[in-house]
Amino acid sequence: MGPSLNPSLLLAAIPATAFGACLLPLLLQRFGRTAAAVGAATVMATCLALLLPLAPAALTDHTELARISWLPAYGLDLSLRLDGLGLLFCLLICGIGLLVVLYAAWYLPDSDRLGRFYSILLLFMAAMLGIVLSENLLLLLIFWEITSLSSFLLVAYRSDKYESRIGARMALAVTGGGGLALLAGILLLGHIAGSYELSVILAASERIHAHALYAPALILILLGAFTKSAQFPFHFWLPSAMAAPTPVSAYLHSATMVKAGVFLLARLYPALGGSDLWFWLVSGTGAATLVYAAAIALFRNDIKGLLAYSTISHLGLITLLFGLDTPLSVVAGIFHIINHAIFKASLFMAAGVIDHECGTRDMRRVNGMFRRMPITATLAIIAAGSMAGVPLLNGFLSKEMFFAETVSYPQFETLTWVLPLFATIAGMLAVAYSSRFVHDVFFNGEPVDLPRQPHEPPRWMRAPIELLVLLCLLVGLFPGWTVGPLLAAAAGAALQAPLPEFTLALWHGFNQPLLMSVLALAGGVILYALRAPLFAWQAELPPMHPRTAFERFYRRLNTGARWTLAAIDNGSLQRYNALLLSFIVLLGGWAFFSGPAATIRVAGQPIDEASVGALLTLLLGTVGATLLYRQRLLAVILVSVVGLVVALTFIRLSAPDLALTQFAVETGTIILMLLVLYYLPAGSAPRSSAPRLIRDLLLALLAGGGLGLITLKMLAAPFETISGFYLQEAIPGGGGANVVNVILVDFRGFDTLGEITVLAMVALAAHALLDRLILHAPPADTDGRRWATDAHPLFLSMLMRPLLPFSLTVSVYILLRGHNLPGGGFVAGLITSVALVMQYLANGIASTQPRMPGRPTRFLALGLLLAAGVGVASWPFGRPFLTSAHGHIQLPLLGEIELASAMIFDLGVYIVVVTVVLTVLSGLGRLSLRLHRQQETS
Amino acid sequence: MLNAAIEIAFVLIGTALALNLYRLLRGPDTTDRILALDTLGINAIALIVLFGIRTASSAYFEVALLLALMGFIGTVALCKFLLRGDIIE
Amino acid sequence: MEALLAIAVGVLTACGVFLILRARTFPVLLGLTLLSYAVNLFLFASGRLRLDAPPLIRAGATYTDPLPQALVLTAIVIGFGMTAYLAMLALRGLAESGADHVDAREEP
Amino acid sequence: MRWLLPRPLLSATVFLLWAVITNAASLALLLLGGLLAIAVPRLTLPFWPDPPRLVRPWRAVRLFAVFAADIVTANWRVARQVVGPLYRLSPALIEVPLDLRDPFLATLLGSIVSLTPGTVAIDVDRQRWVLLVHALDAPDPQALVREIKDRYELPLKEIFAC
Amino acid sequence: MSTATESAVAVLILLGALFVLLGSIGLARLPDFLTRLHGPTKATTLGVGAMLLASAIFFSSGTNEGISLHELAILFFLFITAPVTAHLLAKAALHRQTGTQQSDSGTPVRGRDGEKLPHPDKTS
Amino acid sequence: MNAHAPILPLLIPFAAALLQMACSRLACQRLIGLSAATLLVLITAWLTVLADDGQLRVYALGNWPAPFGIVLVVDRLAAAMTLLTAILGFTSLLYASSGFDERGLHFHPLFQLQLFGLTGAFLTGDLFNLFVFFEVMLLASYTLLAHGGGLARTRAGISYVVLNLVGSALFLIALGLLYGTLGTLNLADLAHRLTLPGHDPALARLACALLIGVFALKAGLLPLSFWLPHTYTAAGAPVAALFAIMTKVGIVSILRLQTIALAPAMPDLLGHWLTTLALATVVFAALGVVAAVRLRALAAWLTLLSAGTLLVTPAQANAQVDAAAIYYLVQSTLAGAAFFLLAGVIAGQRGRAADQLMAGPPPQATWLKVAFLVLATTLAGLPPFSGFVGKLMLLTTLREVSAGPAIWAVLLAAGFVVMIALARDGCYLVWKHRATTREEPAEAIAWQRATATLLLVAAGPLLAVVARPLSDYAERAARQLHAPGTYVNAVLGPGRTNDRREATP
């Protein structure tokens, strides 16, 4: 480790190693449990080792920074910082992590291969390191949420247990949800400060406080911190998370993850602290948590439950300290973070040992353990003493600093006694539950009905506890020597200001804090001694399980969502359509009336009697079909009349091509409708209820009236189009006199290519949708009349024979003349296909099918190929896709012949249309054949 | 003279179409309605041809041709439906 | 003439919409057919109404706007394809559910 | 020749039809019509398996002339019946026994009957070879049967070999 | 266009329109379906025929595009198809008049294949 | 070839479909399909790189200039969307090639034509042509939806088809009105003419509003979104995965119409109503996420949720917001598609429990569990994957818009709901339950399925790693989108804007 080693590279290497190696145990587990454990420990040790060269600088108030650019435009960079606070947490994370790895190898059952466990644990550790090393707040948030996720996985480690799964989900819901609030808060904070880099934010305290968004940002960030640190009222997830294996609890729920919240308070204290809002929110929440959780802890029968609530309470204490908002209270808070991590981790591990040995953690059954596992008991008692704040132990020191802070706190001028009293009560409760832990587990008579015969755990399982308890003692006895520099560095980093005067010593003389400690100790013991009536009182209280509350919340969310969805969306297409139409009517109406109106009006065409007659016919057909839609054949006939009138309208309005197409399509539509009608059950349409009818009529009137008025208004509006170009260019540029056809095959040939593709897909769909479809054919018509026996009426069958060649001749005419006269590929294709369909209709499938050529898909491909191929053919000439060519060829005798490449395009259109119409109509017709065959065979 | 003849012819054919519509609505049986529809189509051919003469345009010839060639198909299909239900079998 | 066309479009739309809101496939099919007539006429009308001016280039002729005609032609053909498609789907639904309901559930 | 024009009559009709619809506007179009006259009947060959053969074309021309004249006269007659008092009509369903045995020729006969105003051919019973005819006004059904057989069926039998 | 051809066209137009109307009068007026069936044949034959003839004469003489014969194709197709429609319409009408097997709602009727099947419309 | 680059993304799938129609052997179709899909990925990637030079590539089909002919316009956004389509196409096809394609007829040509429709819809610069491509896309999707059969698919299909047919009718009405008012169909020309006097402004507004309404139907905006969850739930896994991009067609169309034509001429047309409805869509989708009873439905609701989120953005008329939206669009599409594929794989592993959110045998393969975790994290917008990056970008850019607080509240709350729902569903699907210790033999996971799924799942981490170049590209794309003048000039040509007026019939 020479001076050449780049410290910022080293810094970046810490989380990189942790993340990079987090799958190592999973890979190593094939070599056995030990290999997995060793792998995990090696990773942690490596991180620790990487940290050591950086530690000296960090201890001397130096902040090491490293930055890799990630998403700078949005302020998100991989920028890291190592200062005293980070160093402290890194040491906790890696140090306790190592112990937990060791402990878990013994604790977890031999059947576990541990690879998954250690990998997730490493992932968690990596994320924790990330949090404490982040310089960029967004980066911090990323790690923050990864801890939530990995904690979710760790809590649910025993995924076959319901308690584990629900506990994990609760933990994720609360901490992950808090993370979202934190994200919002950080985004606001970054917006205020102009950066997410801590160095900038910590220096921008004044600007932050003065900003209008300070309060929302603070509240959102505190939500994140409080949820993570299980502050009241978000504390409930932590006890449920005790379903996790004990090593997880020791690591996450005492030493590290729950500390992330208070870490964040420490981190952002210089930027956000120092306001009334901060004081009231932070100290208020902390104080409430402190007392409330301590009181609950006393009554938990589960050892881990007691420890969990105790943890909550201690986190409350730390939070309260940060809330008190004095430099010294921040120092005390950080000191307590260290102490709590040490003693609580050891206590959890001890609880794990007891669980491991006894098979239960219920303190009503686990008694008298001191005799069965004296060493473990001694260790646990020492740690519990620290938790209670017994002198000579580390917990005492920070608790006394806390008492001192409450005494000297300047905020309440007249009510100086409130805070000390509060602190003393909390201290009493802590002593009481610690006493209960010690007495109830290790003494209190004989165990009741234990599943196993408890004795001392394996040597190496106890070793981590021993080490931690040793630390409790060392810190308690020699605070200045053991943690002094670290605490100073951490506090300095947290405060971002010169440290206040404080001495880390066991003895500060007889003063008010000492009195409070004595009172707390005595009071706590008395409280525990008088526990019987208290427990009886508590038993009377209505049971309150956060888990069931969460489940109830979740169930309500779920049923509420389902109920709401079912109310909105009942699966009715009619409603969808009604909503769509209403939406369009509203949107259109708003858009139309909210803008400026035009004033210019253009004169229209004169009305003649024939057109009025046509309109009346159309109305008759339309309204008739609508009113009589239950008489389905009549409706089909009436709609055909409408189609006829529409086609005649096109003739009247100078659109012969449209009239042709309309007629041809009309014919296909009738056949189609009849093919379908054969199968559809008649008379099944229900009568609509009156409100429905009113709704539908209203919508129909709005839509129809609206579009009618728009038509009128559009026709009266001034008009200027691009179509002069088409008229000018049709002959010189497109080589055709029928401008509509030239548009279709040339100017906008690409549209047509897409259109025949659509048609081709209809043919493919006819295969795909009708494949193996079995329908029940009615044996009689709707009047109950048996079908006629003559399947192929003679005249029809005979006259269709000559008509086919004649139709083909006509379709060739229509196809070839289409470029200059009304016609073209579409109409020609429709004529041919309908003529062929008539062969089916006249002579039946059995006799017609064998006479049809080839596979339809090949014809589709051919048609599309002709259309697109003639488009690609323009490439060698350096022209874009679909560029047409046309010209006149002079031939002897025959004279001038006009040729256009667009005609090949039209031929492609023709082939596709023929194939599609034929495939669809004959496919629908064939359905009955399948049915008849099936009936014959069965 | 021609123009007058054309106007009169329009009125005559218009009346014919109205009578077709009457039969179409009146029925009484579906076959009557189909017959009316068929006649409507044939009369429409006359109308289109007349329209072509009036506008002196052969642009509408193809439409009339198509109607003559395909107009019967709807009628045939409807009748086949009445007879057999299954029009393509 | 414009007013007549507007009335036709309006009535076709109203009837089409009413039929589309029915609960069985057949009226919906009918309704879509009527609606497509309305839409085609409307689209056609966007080029304005011109009598005796088909867009076939001849000496000394006047022409109506050809572009909407080309668009309507496309729309007619696509509309036919879609009607055919819906018809096939309706039969498939009938084969699989034994009913010609358009809804997954009947609306009261 | 047989391979090229398997159906000469059909080919001729196709060519004529083409010439008519294109107004025989140019030589090139007529040449194309010739091509179609060859190609179209060949393509549709399988759809018309065994058509009757035309053996006496001039007889066919005569029948056509008779038919055309009948249409005009019958139209006048029926026109008066339609606008006249309806009670005078005596509509009848008449069975015309056929000597023809070819379904296509029977159809042709039926078509002639149908196209002549006043009578509609309804069906052919292919078991008994009877043409079912509906007449708008047939006070003497037997006369109508004779007329149909003499004026149309007999010439048809002569024109086509079957 | 000469006055003679113009008059011929005019006469043919009027004749055609008149027969078209007569056919439709028959359709509207005649008492039963089979008699009504006779109406359209008139429209088809003499009515449309005369009209097409008028058109042929008109376009042959009126424009410089030469003779116009294509109207004949329309007549040709009408002559092929009219008997078919008459045939099928008459068959359908007879079927509906005589082939009726009035069964009450829900009563099973015999299917084409001889199998006894309830009509789905009547049972659902 | 450079000159024809814009048309290649269309012609490749089109040609593949033709070949597949000609050759009906499944093995042959698969080979053609996968080759074409690979080629499409390469070509669109190349096009995306080409487009990044900032030039708009205008491809005049038939060599007819805009606005008379149809033009394809390639800008950064369009190119990126085709690349995204190609990637989804390739992965979905790979997945389907493991046997899904055998469950019905013509899967392969329809699939290629669906790609044809999608790329066409993204590239075209002409509104009627857009309509045609919508129809191509929808028809292919109708049949792909029905692929594999079953009542649920048919029922969903009927709703989907009818609703979209009504939508198509509305589209045509909008186009007719647009043409009848402004006399053009080209988007650039439309934008140009909107700024000129002489048209009826109320009708023009109405036409644009109708277009927005049609696009909103495709995009799944709230009162029009009911079809979406049903349809996407019913579709087979690879089909649904491809469908993940279909809502985006509507969104991109809205974005394009808004930036190029509406923003300069009628900026108030898209306003609070759209933002409100978009947020309502998010809430609705979040409810659906909670209420979903099967994984496919969950994926469908999540698709709707991302659509709702994206629909918040057009009304903000802000290039920064749109840049974020483009990144979010890409990542949410890939994640959504991955989820559909993963749901398919998991369903195959859990016997009769399939993808229902209830206790069942857990999948055996560890990679599946990890993939689920990664994907769930991505979809919930949790760090560190692309979902988070996308959300971060959106929240950051939406910080200063007037509706910011409401948008923040809804998006964050929805994120919370998605997170707890995914946690619940992961518990059901991935973890062992005591109640179901009986292990049913799971079917072996075909390599095609595994590869396709993993490719898409890997997009979550990958897009986060390359967030910077990607977001930079998105920002350049958004800036290009917000320069309507450049677009109009590039499409119409600098000289053409004046001489068009003489061409009146």
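Here are a few things to note about the model shown:
Here the chain labels run A, B, C, D, E and F in written order, and each chain numbers its own residues starting at 1.
The rule is simple: a residue touches a chain if its C-beta (ideal position, glycine included) is under 8 Å from a C-beta of that chain, and two chains touch if they have at least 3 such contacts.
These figures come from a predicted structure and were not determined experimentally.
Shared contact partners of chain A and chain C, listed by label: B, F.
Looking at chain A and chain B, the chains in contact with each of them are C, E.
Counting C-beta pairs in contact across C-F and across B-E gives the higher total for B-E. When chain centres are taken as C-alpha averages, the shortest distance to the whole-protein C-alpha average belongs to F. Distances between chain centres, each the mean of the C-alpha atoms, put D farthest from chain A. Most remote chain with respect to chain F, judged by CA-atom centres, is D. We define each chain's centre as the mean of its Cα atoms; on that basis chain C and chain E are separated by 27 Å. Each chain gets one centre point, the mean of its Cα atoms, and the points for chain D and chain F are 62 Å apart. Per-chain Cα centroids separate chain E from chain F by 53 Å. Once the centre of each chain is set as its mean CA position, chain A and chain E turn out to be 66 Å apart.
Under the contact definition stated at the top, the residues of chain D that touch 2 or more other chains are 17, 21-22, 107, 110-111, 121, 123.
Each of residues 571, 573, 575, 577, 581, 636, 652, 656, 675, 677, 681, 684, 707, 714-715, 719, 721-723, 726-727, 747-748, 751, 755, 758, 762, 765, 769, 778, 787-788, 790, 793-796, 799, 802, 806, 810, 817, 821-822, 924, 932 in chain A touches at least two other chains.
Residues of chain E in contact with at least two other chains: 23, 25, 37, 39, 44, 65, 68, 70, 73, 76-77, 80-84, 87-88, 91, 95-96. Inter-chain contacts, as defined above, occur between A-B, A-C, A-D, A-E, A-F, B-C, B-E, C-F, D-E. Within the complex, the chain B residues that touch chain E are 1-2, 4-6, 8-10, 12-13, 15-17, 19-20, 22-23, 29-32, 34-36, 38-39, 42-43, 45-46, 49-50, 52-53, 56, 58, 61, 64-65, 68-69, 71-72, 75-76, 79-80, 82-83. The residues of chain F lying in touch with chain C in their complex are 128, 132, 135, 139, 142, 146, 149-151, 154-159, 161-162, 165-166, 168-169, 172-173, 175-177, 179-180, 185, 230, 505. Chain contact summary for the complex, chain A toward chain C: residues 570-575, 577-578, 581, 604-608, 611-612, 614-615, 618-619, 622-623, 625-626, 629, 632, 635-636, 639, 642-643, 646, 649-650, 652-658, 661-662, 665, 668-669, 672-673, 675-677, 679-681, 684-686, 688-689, 692, 695-697, 699-701, 703-705, 707-709, 711-712, 714-716, 719, 721-723, 726-727, 730-731, 737-740, 743-744, 747-748, 751-752, 755, 758-759, 762, 765-766, 769-770, 773-775, 820-822, 826, 913, 916, 920, 923-924, 927.
Within the complex, the chain C residues that touch chain B are 52, 54, 56.
Put simply, chain D touches chain E in their complex at residues 17, 19-25, 71-72, 75, 78-79, 82-83, 86, 89, 91, 93, 107, 110-111, 114-123, 134, 136.
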